[in-house]
Each structure stands twice: as C-alpha cells, then as structure tokens.
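Both complexes shown next keep subunit A, but they swap its partner, so subunit B is in the first and subunit C is in the second.
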Partner chain A sequence: MTPTRYTPAAITFHWIVAALILFNLCFGLYTVGLPLSPQKLRFFSFHKWIGITIFVLASARLLWRLFHPAPALPAAMKPWEAMAAHVSHVLLYILFFAAPLTGWLFSSASGFQTVYLGVLPIPDLLQKNKELADVLRALHRWINYSMAAVIVVHAAAALKHHFIDRDDVLVRMLPLSRTP
Partner chain B sequence: MIRALLSTLLAASLAAAAAPQKIIAAQSSIKFVSRQMNVPVEGEFKRFDATVDFDPKKPEATKAEFEVDLGSIDLGSVEGDTEVKKKAWLDVPGFPKARFVATSVKPLGGNKYEASGALSIKGATQNVVAPFTLAESGGLRIVEGQFPMKRLQYKIGEGSWSDTDTVADEVLVRFRFVLPAR
Partner chain C sequence: MRVRVWDLPTRLFHWALAILVVFSFATGKLGSSWMPWHLKSGYAILALLLFRLAWGVVGSETARFSRFVRGLRAGSAYARTLLARSPAPFTGHNPLGGWMVLAMVGALLAQAATGLFADDDIRTQGPLAEMASEATVRLMTRIHSANEWLVVGLVVLHVAAIAIYQWALRRDLIGPMVHGMGESRAAPRLAPRWLAAVAAALSAAAVYYLVAILPRAP
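Now for the complex of A and B:
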C-alpha cells in the first residue's frame, strides 16, 4: 500500500537537511567574501563540518527512502508535472552529494585536509595541485548555485501545490500537521 | 707534464676539502608544517642558499650559514601567499631574508647529529637545536632533519593572528640539503 504521508523519520531528515543546506549555502557565500582573518579560517572549518554533516544525513535519508517509499503524487498532476517532480528530486539528491564531495576535493587540492569537528581527519583523495584546485573551486561554486536554483524551484512547486492546486503535497511533509 | 697535472689536481682537491661547499639547491628543500584549526598544512620556501663547511669526522668544527628568501614562500594558495608576506606575518618587504648560522654540530652516534645555532627571522633571533641525519649515496651527501619553532617568538602572525587556537604557535620545519660528497 502506498502511504499518504512521509514517515516521521523522513520529515525530520527533510527539515534538518533543509535548514543545514540553506544555512551552509549562505554561510559559504558570506565566508568567501571575507578578508583573510582567523575568523575566516574558523568559518571555513565550520562550513566544511556542516557540509560533512549534510553528506551523512543525506546518505542516511536516501537509505531510509529506499525502504520507505515516498507517498504517491496527486492523481490530478499532469504527466509532465510528475516527470518534473521526479527529475528535480533526483537532481537534488545528486547535488546533495556533489556539493560536499567537490568541497572536500577542492580542500584537498588546496593542501588543506578536512578534519571533521577538528578531531576526525577525512583522508585526502587528491594531492595538493593549484590548477586542479582552481577547477574544483569553480565546480563547487556552480554546483551550489545549481542546487540553490533547484531548491527555489522545489519550494515554489510546494507552495504552488498548497495554494493553487490545494492538494496535500506540502502538508504531508510538514512536521506538525495531521492529515488522515 | 703528468706530474704537474697531478700536483695541480691534488692541490685543487685539497683546496676543495678545505673550502666551504654550496648546497645543490635543485635537490634540496625547506618545508614547514603549521596547524590551522588543528589541520596540518604544508608549505615550502622555493629559494634559499647555504654555505656549509662540515666534516663528519670533525663535526664540532662545522661552519654553516643558511639564507632563506622569505618572498619565495609557497603555501599553495595565492591568497595565503599574499597574506603571509604582509607586515603582520613575515613582513617580507621589511625583512626579506631569514638566516640560520650553525655554530656547533654534536654527533649523536651512528649517522645522527645535532646542529645548534641562531635562527633570525623578522628581526628576532632565537637559539635553535636541529637534529639531522647524514647519508651518502651516488657521490652526494644528504642532510635531512626537522625542528620545531614557535612562530610568536619571531612575531610571525601579529594582532588577531596571534590567536593560537586558529593557527598554532608551533611550526615544524623540515629540511633536506644535498651537498657534493668529498
């Protein structure tokens, strides 16, 4: 039987990851613009730690989803809409992994190992390499701009479902709502 | 004729044995490891010069002078390289060179030695003890070692950068000098 709501675990994952991603997108963008200072170095470390946390939570969420299918889309949706919803969700998952992975590789190529919370060293896959670091920096930036764009589409679609189509697509992902 | 040539060669080799040697820069390196947010970060100096008068049989008589071109620092990022040359860090325009003058070398047994001398950076001078190993191969003499230094003793990283929680005080210097063997 297809469920009508997301499981409480899926809802928790969704909103924690959403909050972390929105914060880290803004935080990363803000930190890049700071003049070099001890604070900037600290902020970059925090940014990396949050990124690793997102990677782990997104992995856990994807695993959870494999065993707990998402509720079906409303029957009233047109085939292209259902396809667009599917594609944007797949894209989001790809970007959830691509963003921290490119960040980690960029950091390695720049000669900075990533040490989670200052205690758990993440191995460097790449050697220090200036040219590669420049490429990875650009890649990390554009992956995150893309993710921000897909998030805007995702949120706009959720609001459209709620306020225009008046279906339960948004509500079934809200933590405190009670739908039958 | 042959005798004259031999005696010239002999004189030349005797002179070489007594004269201080220049290091082979292309095969030598001066690297350092600092810790940022507890993450080890490696950098190096690309240009340096040294004059070494070292005889393993008479290590106490060693005379060696090392000069490092601080502007040749490479931290792996343009932003880092620009920052570290500024006044708060190395102040490269004010103090372009670092200098180490070894005044004694103590044998520690086997191929291990310990050099002591004065390290001057940014107008400050501190005594430094640097253990090293000596190896000879293929007509080359290879000196390798490392020593810890405290960056704040040389005012490297002033103002907000003196915060050692972000950039640790201790910096590990790793050196490798290659000399022609005698």
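Now for the complex of A and C:
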C-alpha cells in the first residue's frame, strides 16, 4: 500500500530544515555585507554551525526517506510535470549537501577552521590557499543562489498544486492538519 | 449587495504607496544621480504612512485598525478556511490581510525612519544624519539596507497572495481596490473626505518639519 501522507518525522524534518535554510540564506547574505569586525567573524561562526546542522538533518532526512518512501504524486499529473517534480527534488537534495560542503571547504581554504558550536572541531581537508578560496567562495555563492531559485520554484509549485490543481500535495506535508 | 468597500483616500493611499515603493527600490539600486529622487520618494512614503496611521484611527470603517486587526485565533481559523480553498468572506481586510497591513506599514515605517539617518558614505545623507552620532548613523544605515529585503519579501508575499485569490480562488480583490465597490451584506460607514484632507495635510506638514526645518534648527 502506498502512503498518502508524509510521516510525522518527514514533516518535522521538512519544516525544521526549511526554516534553518531560509534563515541561513538571509543570514549569510547579510553577514557577507558587514564591514570586517569581531562581530562579523562571530556571525560567520553561527552561519557555519547552522550549515552543519542542516547537513546533519538533511542526511538524516535522506536516510529516513530510504525506509519511508514519499507518497506517490497525483495520478492526474502529466509525465513532464512528474519528471520536473522529481528533478527539482533531486536538485534540492544535491544542493542541501553541496552548500554546507563548499562552505566548509571555503572556510578551510581561507584559513578558518570550523568548530561546531565552539566545542567540536571539524577537521580541515584543505590547507590555507588564497586562489582555491576564491574559487570556493564563488562556488558556495552560486550554489546558494541556485538553491534559493529552486526553493522559489518548489514553493510556487506547492501553491499551484493546492490552489490551481486542487490536489493534496501541499496538505500532506503540512503539520497538524487532519487527514480525511 | 454592491457597496463601497474601500473609500477614495484608502485607495489613493494604496496605489500611491505601491508606485513609490517600487520607485524607491529602483532608485536605491540605481544610486548616484537618482539618490535625490530616492530621498524625495522616501519622504512621500513617510507622509503616506503617517496618513495611514491616522486614517486607521479616524477613517472609514474598513480602514480602521480596531476593525481589522484580529488575534491569533481569528487568524488561524481564517487560515484554515483559506487552506480548504474556500476563504470566509470578509468586508475589507480578512484577518491574515490585517496582519499583512501591520507588517507592511511597520516594515516601511522602519525603512523610511532609518533612511532619515542613513549615510551611504558616498555623497548621500539622510536629512537627520548630521544630528545623530556616528554609531547611530552606522546602525541606521545597516538596518536600512537589511530591512530593504524584508520589504521585498512582504511585497512578494502580498502580490502572490493577491494573485492566488484573484485567479485561483476567483475572488476579485484587485477590482475593489481600484473602483472601491465590492460585495457585502452591510455598507461600511464612510468617513468624510475633508477629514482625509486634514490628516493628509498634517502628515505632510510633519514630514516637512522632519526633513526641512528640524535639520536647520540652531
């Protein structure tokens, strides 16, 4: 039997990761624009901690998904729509991992070790290297711009499903909603 | 029956604000020779917001805060009807719309007020920047540039919500905001136009004092 709803665990993962990602996108963008100061460095540390948290939660979510598959897409969807839905979800997962990984490598290449919550040092894979750091900075930036773009498409698609196609795609991912 | 849901002052306020917010965003991004226009546009927005605050107290029924600002319970009850794709009908702002009004007016008020003290370190200064300490000016400038994106987010949310109501749920919200007429069981009480004129004049005078008289005070 295929499930018609996401599991409560999947719903919890979805909304916590969504909130952390939205916050960290804005927070990162804001911190980049600050003039150099001790506060800016502290903010970057927070930014990295949240990024690591997202990485861990997204990994757990993916593991959970292996054993609790997502409910099937509505049968009324055209093949290209179903394909677009799958591609955008795969893309989102790739970006969830690519964003923190490039952030971590960029941080190492810039000579800043990441210490999770100020207590757990994350090993540096890369030595300090100015040229590499510049490449990784650009990569980290564009990966996050791409993620923001896919998130906009994701949210717009959810609203289209709910209000135009009038199916249950949005509701089955909402917390606290009664199931028929 | 068909009644006047939005009075003329509220509609003029809305569309003037919409145009000026887009204009402010554009001139702020273009910068350099456009900055004097950015400042003037900001003063006009501040005056409009002061007018809206006053009109929210003394204006027509659908414009009053006391009428459309609702609590969490009313908001979530309404959100459930919206999620069920049959939003409960409201004359004027629905509870979620009321929250959006507060968020939008609050964010724009913060944007206009911090702009008065902002300094871009090139050649543009808010009219009150001279009167404030360097630390205050730095803080105000930083809030002004970060809060800009909050405003953009609210505008996107607002336009997306209107689009969903208009075309997916087939509820005409744009029409009433243009011509003022909509369906309602009772006609909202309208405030006299002269009162709007007085509120607008006082708002304009307050902004004129802030940007033209106060900075030159000895």
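Criterion: the second predicted complex is superposed on the first by the 180 of 180 C-alpha atoms of A that agree within 3 Å, B and C clash if a C-alpha of one lies under 4 Å from a C-alpha of the other, contacts with A are read in each partner's own complex, and residues count from 1 in each chain.
FYI, a contact is a pair of C-beta atoms (placed from the backbone, for glycine too) under 8 Å apart; a residue touches a chain by one contact, two chains touch by 3 or more.
Only a predicted model underlies this, so the values are computations on that prediction, with no experimental measurement involved.
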Check the residue A:112 against both partner chains and state whether it touches subunit B (first), subunit C (second), both, or neither. first
For A:164, is the partner it touches subunit B (first), subunit C (second), both, or none of the two (neither)? second
Once the structures are superposed on A, label A:138 by its partner contacts, choosing first (subunit B), second (subunit C), both or neither. neither
So, A:42: does it touch subunit B (first), subunit C (second), both, or neither? first
Now for A:26: first (subunit B), second (subunit C), both, or neither, which partner does it touch? second
Hey, is it subunit B or subunit C that touches more of subunit A? B
Quick check on the superposed pair: does A:62 touch subunit B, subunit C, both, or neither? Answer first, second, both or neither. neither
Shared subunit A footprint, subunit B vs subunit C, residue numbers none
Residues of subunit C that touch subunit A when the two form their complex: 83, 85, 142, 145-146, 149, 160, 164, 168-169
Note: in the complex, subunit A contacts subunit B through residues 36-39, 41-42, 45, 110-115, 118-119, 121, 128, 130, 133
Flag every residue of subunit A that touches subunit C in the complex, lowest number first. 26, 29-30, 33-34, 159, 162-164, 166, 171, 174, 177
What residues on subunit B touch subunit A, complex-wise? 36-43, 75-77, 79-80, 83, 160-161, 163, 165-167
